[in-house]
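Multiple structures follow.
Shared chain: subunit A. Partners: subunit B in the first complex, subunit C in the second.
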Partner chain A sequence: MALRILCCVKRVPSPGSRINLTDDGTAVDATHLGFTTSPHEECAVEEAVVLAEHEGGTVTVLTLGPPESVEQLRYAASVGADELVLVATDGAPWDPQRTAAALAEAIKRLETDQETFDLILFGNESADSGGFQVGVRVANALQRPMVNGIKRIELNFDGDGPGSVSARRAVDDGFEVYELPLPAILGVKEGINLPRYPTMRGRLASKKLEISSWEGEAAPGGQALVRLRRPVEQTSTTTILGNSAAAAPAVVDLLEELGVFDR
Partner chain B sequence: MSEFPTNAKVVVVGAGIVGNCLVGHLADLGWTDMVLIDKGPLPNPGGSTGHASNFIFPVDHNKEMALLGVQSANQYRHLGLSVDCGGIEVARTPQRWDELQRRMTSAKTWGVEAELLTAAEVAEHVPFVDTDVILGGFYCPSVSVVDSLEAGTVMRAKAVNAGAVDVFASTELLDIETIDTPHNGLSKVTAVVTDKGRVEAEYVVVACGVWSNRVANLAGATIPLVPAVHQMADVGPIDILAETNNEIGYPIVRDMDTFCYERQSAGSMEVGSYAHRPIFHHPDEIPSNDEAALTPTEMPFTPDDFDQQMEQAIELMDMLGDAEIKYAINGLLSLTPDAMPCLGETAEVLHLWSAAAVWVKEGPGMAQVVAEWMTYGYPRVIDPHGADIARFYDWERNDEHIWARCAEHFNKTYGIVHPAEQWVSRRELATSPYFSRQKAYQAEFFEARGWERPQWYNSNADLVERYDVPARGFGRRDTEWDDRWWSPVTIGEHLNLRQHCGLVDLSAFQIFELRGPGAVGFADFLAVNKIDKPVGSSTYTPWLTPDGGFRSDLTMMRTAIDTVRIVTGVFDGGRDAFWIRKHMPDDGSVSFTDRTADITTLGLWGPNAPQVLGELTDHDLSQSGFPHGAIREVEIRTAAGPVRATLFRISYVGDTGWEIYANWADGPALWDALFDAGESHGIRPTGGGVYGSSGRVEKGYRLMGAELESEYNPVEAGLARPKVKAADFIGKQAYLEAREVAPIAKMCTLTVEDQTDTQGRRRHPQGGNEPILTGDGQRIVDSHGRVSRVTSASPGPSVGKHLLMAYLPTELASVGTDLEVMYVNERFPVRVAAIEGSVFDPEDIRLKG
Partner chain C sequence: MTVLVLLEHDRGELAEAARQALNAARPLAEELGVPVHGVLVGEDAAPLAQTAADFGAEVVHVATHELLSDYGPDAWAETTRQLGDALDADVVLSVGSDRGNEVMAHLAARSGLPFVANCSRIAPNLGPWSITRIQWGGSLLEDVTLAAPRKIVTIAHHAAAATPVHPDCRAVDLRLERFEPELDESVAVTMIRGRDGQRRGSTLSTAPVVIGGGRGVGSADGFSVLEELAELLQGRVGCSRAATNNGWRPHSDQVGQTGTRISPDVYIAAGISGAIQHWVGAMAAKKIVAINTDPDANMVAKADYAVIADLHEVLPAISEEIRRRRDA
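Let's turn to the complex of A and B:
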């Protein structure tokens, strides 16, 4: 039986050198920024695609966000996702409870028409609001086991197909390894893999994929954003050590100073 | 780093390829006490240089772009920061294949080695091209890839090491201070204010790329350009590229019909596009260095705009489909409303110079132009009239115009552009008093810097039959290209003017007035020929550069004891107005007024012109009473009452007649009166096809910007008078010296002796720099390195030949010499028919007889 994996991703502003805030301080001013998928989630998509490639199966990518989030779905398709789902919002930020409720409903809906997802992957946290909780809330709503902070995933097969998943995460003095029965939910961390870039053919194929879409509906939770504050900027200085081969001695000196080697 | 200075001779703002090369060239020319600032860090401050694709295709149909491209490529080579990788422009369509023939022609003109390749031959150079997609290619071995960041660094370091410049990176310009001058509204720079301090400066140069207009605005000046997106994607790794172990191992491919290029960059391929929708940004929308995700001019990629280009790139090179898109940007570069750079002193602020809208491919050469201009008063390397920032009229300097025109030409970056191609956007910016009447005559309007000028009138279609135009060999042309933007009606108008008379709207003339006790003396300082003549005299005269080349060519009239009227062409009005204002005396003895909007001009010419005018005025119009070159104030009877007009007996078409100057508001009445009076004399509205082309070229009259450029002097152009006036004038010393030696080249009129091409079609060279060749097909270059090329071309209906104008080395400039012209990559026999004189009525009997 083919493996079914779902990845939940979020459209976020691309991190620039300096993040500007809107005048009212409630949002990131994305005027100069493009948008991207949260980095942890990019890794989740990559992991899902690799698992599906190796074990045979399909990858569905689900996002909740403004209509423009289609760009992030297409990007996921361009690196190998098979099915795309948009739960559309009006663009205003949704709190984690509301987001999780809408996602849980969406997953139930997707599982009504087709088989249950064997594995659902979230990013550990989103790159913009960083609430660290949507995945956990969805797992709770769906009554499925969930572990966050995962940096390695292995599927365990029994006779018919995948029966459980082993998930590993780093802790201060080593690793924790969990074995979860399927269906399960994991929160993935950057570093689990090196996401591929899309190919030109992949990008073009992604444009032809149909996207299932509906309006998201869920009641707001109790959590509200009051305002964002930019931390004090850390200044750094760049020293140019020289040009071309002439820079070599200075580079050697610096590496020695940093303890990379001894002379 | 040095302490931030409080004063400097020159402050150059912007350390991209242009600013860096500029300080290098200025240092070479002896300038010191310079300051170079940039708001970004070095060596890549974040402008367009930092993400440039860094290749140079040296063939262009435009002389300035071609020669400065070659000049720039050579400067990169001289620095050792260039690789000749070769480049191939491939054709997918027959129309493009024809264009490649024209590229071959321009390559011949500019002396660039090039050859046409079959599709299979293209694949020998670039094995990963799908030969089924293309018809062939235009191969140019000297296409080069350069290191523009390093070249800028080296040029800057040269100036630093010479002690000529102090460099301050991460220094933001906040203001440019100016003071008013007596130069008719021009102000002058005094200082720049930065976040590091204020610097008093004699000169400020804006070399700020996409930010240039915003920076110039600080001083009250404009640099008409818009930051525009050019999308690029770097895809890889690709084995066949990586195996070259080279930054660039294969020729660059320009996929001309899809407006894309594919350029190897080590193991990857850079795919760049000029095919996407025009995407422009106001400078205020460009992020700061701090805010930018990459650099300010590497803006977030918008993939939807690039999808079609990807499909086309994969069509041409299948291997690209499976390569990963590692880096993709909406890179910003500068576009201007006429697709030419903005060089020279700004038209609003003295000593504020623009070195902007310059791409990496022409950066070092353009920087040399500006450096020489600042040093010698005019560039020596080339005539810069196409790039001169003073060329723009006010209506060309606003964002609405800039954006509209740039949107129109962006997709023509790799387009097939006809020499006479007309703009679609922003038309009817300036129209004459006769515009509605001309529309009623079904005029075909050509645009000239915003002005609408009838090129021919379709209401004159009957003249084609009346004069049997096809039987004379001037009917519809055999190829669509030659026939485009042309009509045989213009031949009918020409022959009607020669037999009866024609009325030409000249209201786009730019008319300036100098007035005051110093006006005549100042006018004489500008002009080669004498202006201090009796009131009512006119002078057709060159203006020269300090080096004695042509700066302008126009008519000056002494209309009162203290007044000189200057009449110049619409393409030169902005430049000439600035030249006048810049050189005006400081003592207030001369005032300058632009009278263009007050005065309308009509040209009435043909053997019946005196009869037509004679019905409307009692003034003596005989050759004895009103000789050629004279000016008279007259009253002209019209249905609306008498109209005061200035008659100037002069001709640019070779038949007698007048330029008639009147108040703008009186124009319609004057027009109607002339047509009423002219009806029985065969008058017809007559367009620019006769005035600027066939009538002019039959007479060998020179045109500024075509035959007359700063590389040539009046002796070579055949415009030197027997005597030189006593008064001093700009370029006088050089002019005197030029008169002392035999000219190296001479302006000639040539006839095309056989227009039939190898397919049996009659062809019509367009005057687009086609090379004149020796009988055995060799380029002709004079001892000053100037190539013989067609400067104007036109049918000559009254002489039955297609005519060309070109400079030839003196040893070839004799009537009867047989040569060749290359057109669309074929050679046609031509013969020298006139030197200094004309092929039609060489004795000027029709003018003065």
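Let's turn to the complex of A and C:
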């Protein structure tokens, strides 16, 4: 039986040295920015593709966001995803309850057309809003077990196919081991793998892949955005210690002054 | 009517997060005019009740059930949900640690309520509350309103320092209560099944000196000049995501939003441009020295000190100078 894995990814701006905001303060000013997939979710896609390659199966990638999110779906396809699904919004940010409700509906819809997903992967948290909950809420709506913060995944097979998943979460002194019966849901953290880069062939193939898409619909939840702000920046003046290796004695003087030299 | 604090512990050892949570709960409870209650999930945590009282929990509930043998998000969340109902809690609060955010998310999902993660300011109102929370790992603040009959929140890690109410005396009257939730086997599915492995002593987060390298290092081998200096200063090597993504360093070395947060006495950032996601992981360093060929790099602008030069020339020269002085 072929393994079916779903990954939920989110399109987020890719800011450089500073995050600028729109004049009304309700969004990140993305005029000069590119967009990307959150690193945790990029790793989720990589993990799914590796599992599907090893065990034989397919990877579906689902996103909720503006129509431009197809860019992140195509990227996922260029590194090995097989099926792409967009739940479209008008681009205004959705709160976590609303996002989760629409994603859960989308998953139910995908599972009536085809079989249940054995494994659904989320990121540990989204890179921009970082609500730490969309995956958990989806799991609750689908009545499936979910554990977050996962750094290692192993499928366990019984007679007819994958029966359970062992998942490890990194803590200070090692790993906590969880074992969930399938179908299950996991939130993964960057570091679980090193995502591959797309190949030229992958890029070309991803352009041809059809994307299933429909409008998202769900009621807003109880958390509402008022505005975004930048935290007060500590402004420091930088003391230039030199412009060449000749600055080394000045650096070591500094290390002595700061008390880290005599150790 | 209470502020109910989930007291994080691991097999009976109180987490720093529990103390921080109590510190954040006290002023909030005062403003609301309600007491602070704490919940310890599992019999093995009972001995921690006194410490919780020292940090301001007026009543400590120890939840006991044969299924509560170790940590599991569903078991902890369902227990907390039932106690929150029994107490008619106004607020259920924890710290935004891995477990704190996870349990609160499960609690909120089970209760059909919103959950606001990583708050840095909570202002209760008669209507919806005004809350400030962190986004982008701390690079951005978000003001939100929260409308819910019970407010489920986590406090951003380290937003509330852990000082006990009575630092010197243990004079608080501890009120300990047993709570027996009704649980069925289904909550045990997500419980810890075992523990293994030694994480390679990742002391990056507590190292007093960190030498960080980015794309400017150029290769995996290029990190040898960082290793050398780190060894001389008994520090640790860190890196940017560019270095991790190139496979030059393991992810456990990565500093930043999706890596480790460091707070050394000195952070030497070599060949790192200072993207905001790197900066949030490094900004708690007491002093930052940037080494970069580009005088306009953000890391240079934000650092306390900088050397504008090739790291492959500067770092070996620093190591050499240290050896020279030590030999003298």
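Methods note: the second predicted complex is superposed on the first by the 231 of 263 C-alpha atoms of A that agree within 3 Å, B and C clash if a C-alpha of one lies under 4 Å from a C-alpha of the other, contacts with A are read in each partner's own complex, and residues count from 1 in each chain.
One rule holds in what follows: contacts are C-beta pairs under 8 Å (C-beta built on N, C-alpha and C of every residue); 3 or more make two chains touch, one makes a residue touch a chain.
This structure is a prediction, so every number in the text was calculated from the model and none was measured.
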| item | value |
| --- | --- |
| Touching partner for A:E41 - first (subunit B), second (subunit C), both, neither | neither |
| Touched partner set for A:G259, first subunit B, second subunit C, both or neither | second |
| Partner chain(s) touched by A:L241 [first = subunit B, second = subunit C, both, neither] | second |
| Contacts of A:E83 with subunit B and subunit C, given as first, second, both or neither | neither |
| First (subunit B), second (subunit C), both or neither touched by A:K207 | first |
| Touched partner set for A:D118, first subunit B, second subunit C, both or neither | neither |
| Which superposed partner A:R18 touches (first subunit B, second subunit C, both, neither) | both |
| Touch count on subunit A, higher of subunit B and subunit C | C |
| Subunit C-contacting residues of subunit A that also contact subunit B | 15-18, 238, 240, 243 |
| Subunit C partner contacts - residues on subunit A that touch it in the complex | 15-19, 28, 39-40, 95-97, 100, 125, 127-133, 136-137, 139-141, 145-149, 166, 168-181, 189-191, 194-195, 221-231, 236, 238-249, 251-252, 254-255, 258-261, 263 |
| Complex interface listing, subunit A residues touching subunit B | 14-18, 20, 31-35, 71, 74, 196-201, 203-204, 207, 238, 240, 243 |
| Subunit B residues within the subunit A interface of the complex | 41-43, 150, 153, 233, 235, 285, 287-293, 299-301, 303, 307, 310-311, 313-314, 320-326 |
| Residue numbers on subunit C that touch subunit A, as the complex places them | 10, 71, 73-74, 96, 98, 101-102, 104-106, 108-110, 113-118, 128, 130, 134-148, 154, 189-199, 208-209, 233-235, 241, 244-245, 247, 250-252, 254, 257-259, 265-266, 273-277, 279, 286-287, 289-290, 298, 300-309, 313-314, 316-318, 320-322, 325 |
